[in-house]
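In structure tokens below, several structures.
One chain, subunit A, links the two complexes that follow: it is found with subunit B in the first and with subunit C in the second.
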Partner chain A sequence: MNKFRTLAREFRKALPGYLFIAPGYLAFIAFMLVPILFAISLSFYKASFDISARQFVGFAQYIQLSKDPIFKTALINTIEYALVIVPATIFISLVIALLIEPLGAKSQAFFRGAFYIPGVAGGVVLSVVYLWIFNPTYGLLNYLLGLVNIKPILWLATPPHSFQAVCAVVLTFTIGQPIILFLAGLAGISQDILDAATVDGASSWQKALHIRLPLLRPVLLFVLATQTIQVFQLWEVIYMITGGGPYNTSTSLVYLIFQTAFVGSNYGKASAIGVVLMVIILIFTAVQLRFWKDTDI
Partner chain B sequence: MSTQVPKQEAFRRAVEKTTHLVSYFLLAILAVTFLLPLYWMFTGSFKLQTVTMALPPEIFPSHPTLENWTLLFTGPWPIWRWVLNSVVVSLLTVLLVLVVSSLTGYGFGKKKFPGSNVLFIILLSTMFLPNQVMLIPLFLLVRWMHLTATTIGTYFAMAMPMISSPFGIFMVKQFCSSIPDELLDAARIDGASEWELFTKIMLPLLKPALAALAIFTFNQAWNYFMWHMVIAQDLLQFTIPVGVSVISRTPAAGKMITNIGLVMAGGSFGAFFMIVFFIAFQQYFIKGITFGAVKG
Partner chain C sequence: MAKKSVFLFVTVLVIASTLLAACQPAATAVPTAVPPAATAVPSTAVPPAATAVPQITINYWAFGTEGSTMTGGGLWSDWYANIFKQYQLDHPGVTIDFALKGYDASGSTLVVDTAVAAGTPPDIYFDTKFRVKKYQDAHLLEDLTPALTAADIAAYDPAVLAGSKSATMMWSIPADGGYWNMIVNTSLFEKAGLSNLLPQAPDYTWTTDQFMTACKAINDPANNVYCTAFFAGSTSMDSATNGWLAGWPDCKFFDAAAIHYTVNSPACLEAFTFLHSIYEQGLMVPGAAGLIDDTTDPYWLGQQVAMLDQGNWYDSITKSGVAANTIQAFNYIFVQVPNKPGAPASPVGMSNPDVWGVFKQTDPAKLQAIYDLIQYMQAPDIATQIAVGWGKVPVRTDSSFQSTDPVVAMPLAAERKFGSYDPYFVNGVPCGYTDVRTAWADARQAFWQDNADIQSILDAFVARADAIVTACP
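Entry: the complex of A and B
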């Protein structure tokens, strides 16, 4: 009896907590957790437009994927996109942040905003104008290259160039966020440390390399993680400017998921590709967290 | 010795001035490079089709025309409806995210109950998952429930994948943990109910964090292109990004190619709202971005 009463008291004490999280947690279960679990289960089914007629096929779709050349290209491209775009984004935004940082508050705000604006405009809007810029006959890019005697390039129709074109478009809108993060990180570095280095005769480049960069490590790791996960999900620019082509040379995993699911109505296969992407991102995040543990963030 | 110090000082200032000038110069070049596409789009919207295809390209339109804009506003595209759709979907998403994040974040941040750690870790572990994976089941759910049959259903369907934002919940939880328990205990002794503790003590303190979350979510919801495209079945259900992409794929009347000037007008129109929104709320954007990444 006594035990029952303490249990009841415990429950009454815990009740507000459960009630506060209930609406959000139920929404989370309904619109995230269950869909994710359902997608994982769908990957073991052959499922097309009429979902109720799905057939259990076990790992068959994963085995098929491992032999599918388009899937392999998409997988390799996705990793290559990350290997190109992420370092480029970090390098450019770090240089810009280091250039902005010594300026006055007003100039800082101005440039910070200027570099972030392409990002708020969105990938669709930027892709639309890039389609014109990349046009081989009347596009701005080939005209500018012509001024330095480079022959016209079929940007969106020849293999290495369509990949490069996608990278260029993505870079115009990925740098804004890291610049803001790096500036916030730089502002957090105490002036005393930098002054001490100045007294010791360190040049500004020495200070940047040996003091600022190491102290920026937590922010750098955060940017690396978020940017990589974002690029792993690259899709809309590909959809807008190359359609994955030519010959799937600029496709990505998410583009393939979109095509397979929402154009081809092959929900089982698309889910299997999604699960592969999920596993890649999970492995990447786990490795990242290892690094985070060493820094106190 | 006495002349040495001012000399050094003058030298230091001269160096600082030159570095600033060099910085401004480099930044100006970089900013022009990165903003060039937007400039090209905006000026392109005032060029005739013959001019958009002319070589050498006109850096500034020599004979600006309003033809493209007139065509955009009077043509077959219901663009104001698209703006309305985008605004409603984004506002609905923000509203739902704020309710869910503040209640749940507060629950996890300030309440002790069995299982809270496990439940929170499950929530957090989905934060970095690619959301395209869950879009397939959500799409099947929307189709099964015939949500797109009604306008309100369509709006809700478009907001659906963003409602339970693990990021928002995490943000509010962290914020709540930083608020001392004594503040809540004092109010509790004064006889405040659990609900009053939340609405009267916590919500006012949460305001800045929620404002940043709201602004950030609005921008994300506005640009959630893939999902909007999957959901929108007809012209009247499009949001701005879907509309812009469709305009960019539609050939000009009786031609094989698109009307570039019109596409640029559409793009500029689409970009306009978010750019104005960003300039108005820049501070909140920055708070939302730096939250969690930078201490202090």
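Entry: the complex of A and C
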């Protein structure tokens, strides 16, 4: 009884705190948890427009997915997007951050803003710009290639160029945030350590490789996790510039979900694909968390 | 502290209630459940009657956007407003709640899909047959046979009406048909001194050899002029590829009797081999697989492409562009899809009709009012206005439609002389066609590549499409 009273008293004491976090949790429950649970449930049903008339089919849709060549293509593409875009994002943004870091405060602020702007513009706006750049007959890219006598390339119409084109567009807006994070991480490295290394005769390259990079590990892991999740959810660029084509060579799992649900009106199957994607991201996040245990994040 | 806690608690309750209210399921989960309308008819429109007039509101959605213009000028929204104003005056108690609903470039109808899934579909939906068909596949549409009289049924082009029927019902009623002739920019040919290579009046027919001669002569990529263009980026306008099959009458896209796709037959292989030769010889705008219809339009409007199939669309956008003064006017004609040397002239493709579909109703009185409205709309005079507005032609043989516009009159005359055909389906559309169209877009994207293995691509499509149609309930 005393325990209960103590608990009640503690709860009353903490009530304002709970009330403050309640809106966030309620929003999470309403807009994340409930839809996730509903999607998991729906994946076991054959469901079209009339959700109330759905038919229970058990794991049939998952079995169907395992035999579906388009799903396999989308899955492989999604993994390939992650394998290409995430390391490229980390490498490019890290190099840029290392180049910006020694600059003065004003110059740093300028470059931070410049690289962050594409991220603010977003994938849809950039895709429209890139549609013109990639246009086979009057696009900027083929014009530049023409200046050095290279034949026009059908960037969006032929594999593997369509895949490469999507990667290029995505990279434009994914590098901004990591640059900011890396700069913040670099600023947090004690100057004493770097000075000590200098005294010991370390070159700039050695300092970058053996001091800065290891000390940036927590930031690196954070960027790796968030970027991977972001790339796994890639769809708007694909929707805008390739439509998943040609013949699904640039499609992704999320784009396939969109197509299945909103073009094919097959909400059950789309939910099943969504669940598979969620499991993949969960596995990846679990692996990340395992690594994070050894860091100070 | 207590006051603060109460204030915070109430705030949370308000926010939570708002969130939960936003998340609550629709009042009617089943799209068929449309309660009897209770909306009052504006008192100014109808004087109070001695006996109570049943009040019925019909939700009527037509494909388009707010500013959609009719071929030749005028807004669709204004046209519908006039038609419905008169109808409501003539039918006291009936209110028509009209809206133009758009679609996206992938050819989907997200607005309608969302409304259907939410249990609030329109009562009447007017759109291209294939986009209405998916609701029939989901068993969401009413049988419209009672909306037509025997005289109406007899008046329709049987080939077009057949596409609106299933084994058990008439799920839609066509208002118009698109003619799939080729459109040719004669200004480009005149400028190049090549007019003699074009098909001549009165029939405007030519063989594949004559086509190729003209195509090669006009093609000038160095100056950004291409003979033709194809697109395969989306399901939209796939008919612009299928229209070419008119020159290969033995090539059937689908065998209705066997419920089997047959576009991998030897005749079809021959047709697609011919089409691929256009690609191989660099006679088309590069990048077909990446193009969608909306990205092909600038090539036509900018006079960078000399001829295209599904000419009615390009006629429509050219007229709109000239009227809006956004493009320079140029001359063009309609010609027949080329036929093989020695073969009869190709028939005119007549498909992609815009149709009325009616979502299931629970109120018999309202259903009858909907039938009455469709009976009114499908009458030759109004349906003809719709057809002309879309740059298409009426599909009722009793239509008094006579176009003074040569680019409309020409295909009509050709249709009367050489007949019409539907390169997709002859006896109705099988279920699952939305998925089949996606599969066909994939196949066409594979087709417009270097060294494409045409037979394998067509075989793979047939296997995929047959699997879709076999899986139908």
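Methods note: the second predicted complex is superposed on the first by the 271 of 297 C-alpha atoms of A that agree within 3 Å, B and C clash if a C-alpha of one lies under 4 Å from a C-alpha of the other, contacts with A are read in each partner's own complex, and residues count from 1 in each chain.
FYI, a contact is a pair of C-beta atoms (placed from the backbone, for glycine too) under 8 Å apart; a residue touches a chain by one contact, two chains touch by 3 or more.
Keep in mind the model is a prediction, meaning the values are calculated, not measured.
Of the two partner chains placed around the shared chain by superposition, subunit C is the only one that A:158 touches, whereas subunit B remains out of contact. The wider contact with subunit A, measured as residues touched, comes from B rather than the other of subunit B and subunit C.
By the touch criterion defined above, A:128 reaches subunit B but does not reach subunit C. Of the two partner chains placed around the shared chain by superposition, subunit B is the only one that A:113 touches, whereas subunit C remains out of contact. Once the two complexes are laid over each other on the shared chain, residue contacts for A:193 go to neither subunit B nor subunit C. Applying the stated contact rule after C-alpha superposition, one finds that A:34 touches each of subunit B and subunit C.
With both structures placed on the common chain, the touch criterion links A:23 to subunit B and to subunit C.
Once the two complexes are laid over each other on the shared chain, residue contacts for A:263 go to subunit C alone; subunit B is not touched.
Of the two partner chains, subunit C is the only one touched by A:50; subunit B is not. In the superposition on chain A, A:247 makes contact with subunit C only, not with subunit B.
In the superposition on chain A, the residues of subunit A contacting both subunit B and subunit C are 15-16, 19-20, 23, 27, 30-31, 34, 51, 131, 137-138, 262, 267. Across the complex, subunit C meets subunit A through its residues 4-5, 8-9, 11-12, 15-16, 19-20, 22-23, 29-32, 106-108, 110, 113, 116-117, 134-135, 138, 140, 224, 232-235, 285-292, 295, 304, 434-435, 438, 441-443, 445-446, 448-450.
The touching residues of subunit A, counted against subunit B in their complex, run 13-21, 23-25, 27-28, 30-36, 38-39, 42, 51, 96, 99-100, 102-103, 107, 109, 111-118, 120-133, 137-138, 140, 143, 172, 175, 177, 180-181, 184-185, 188, 204, 218-219, 222-223, 225, 229, 232-233, 235-236, 240, 254, 257-258, 261-262, 267, 270-271, 274-275, 277-278, 281-282, 285, 297.
The touching residues of subunit B, when paired with subunit A in their complex, are 16, 19-20, 23-24, 26-27, 30-31, 34-35, 37-38, 40-41, 44, 52-57, 96, 99-101, 103-108, 111-114, 116, 119, 122-123, 126, 128-141, 160-161, 163-164, 166, 169, 194, 198, 219, 222-223, 225-226, 230, 241, 244-245, 248, 260, 263-264, 266-267, 270-271, 274-275, 277-279, 282, 285-286, 289-290, 292-296. Within the complex formed with subunit C, the subunit A residues making contact are 15-16, 19-20, 22-23, 26-27, 30-31, 34, 48-53, 131, 135-138, 152, 154-158, 162, 239, 242-243, 245-248, 259, 262-265, 267.
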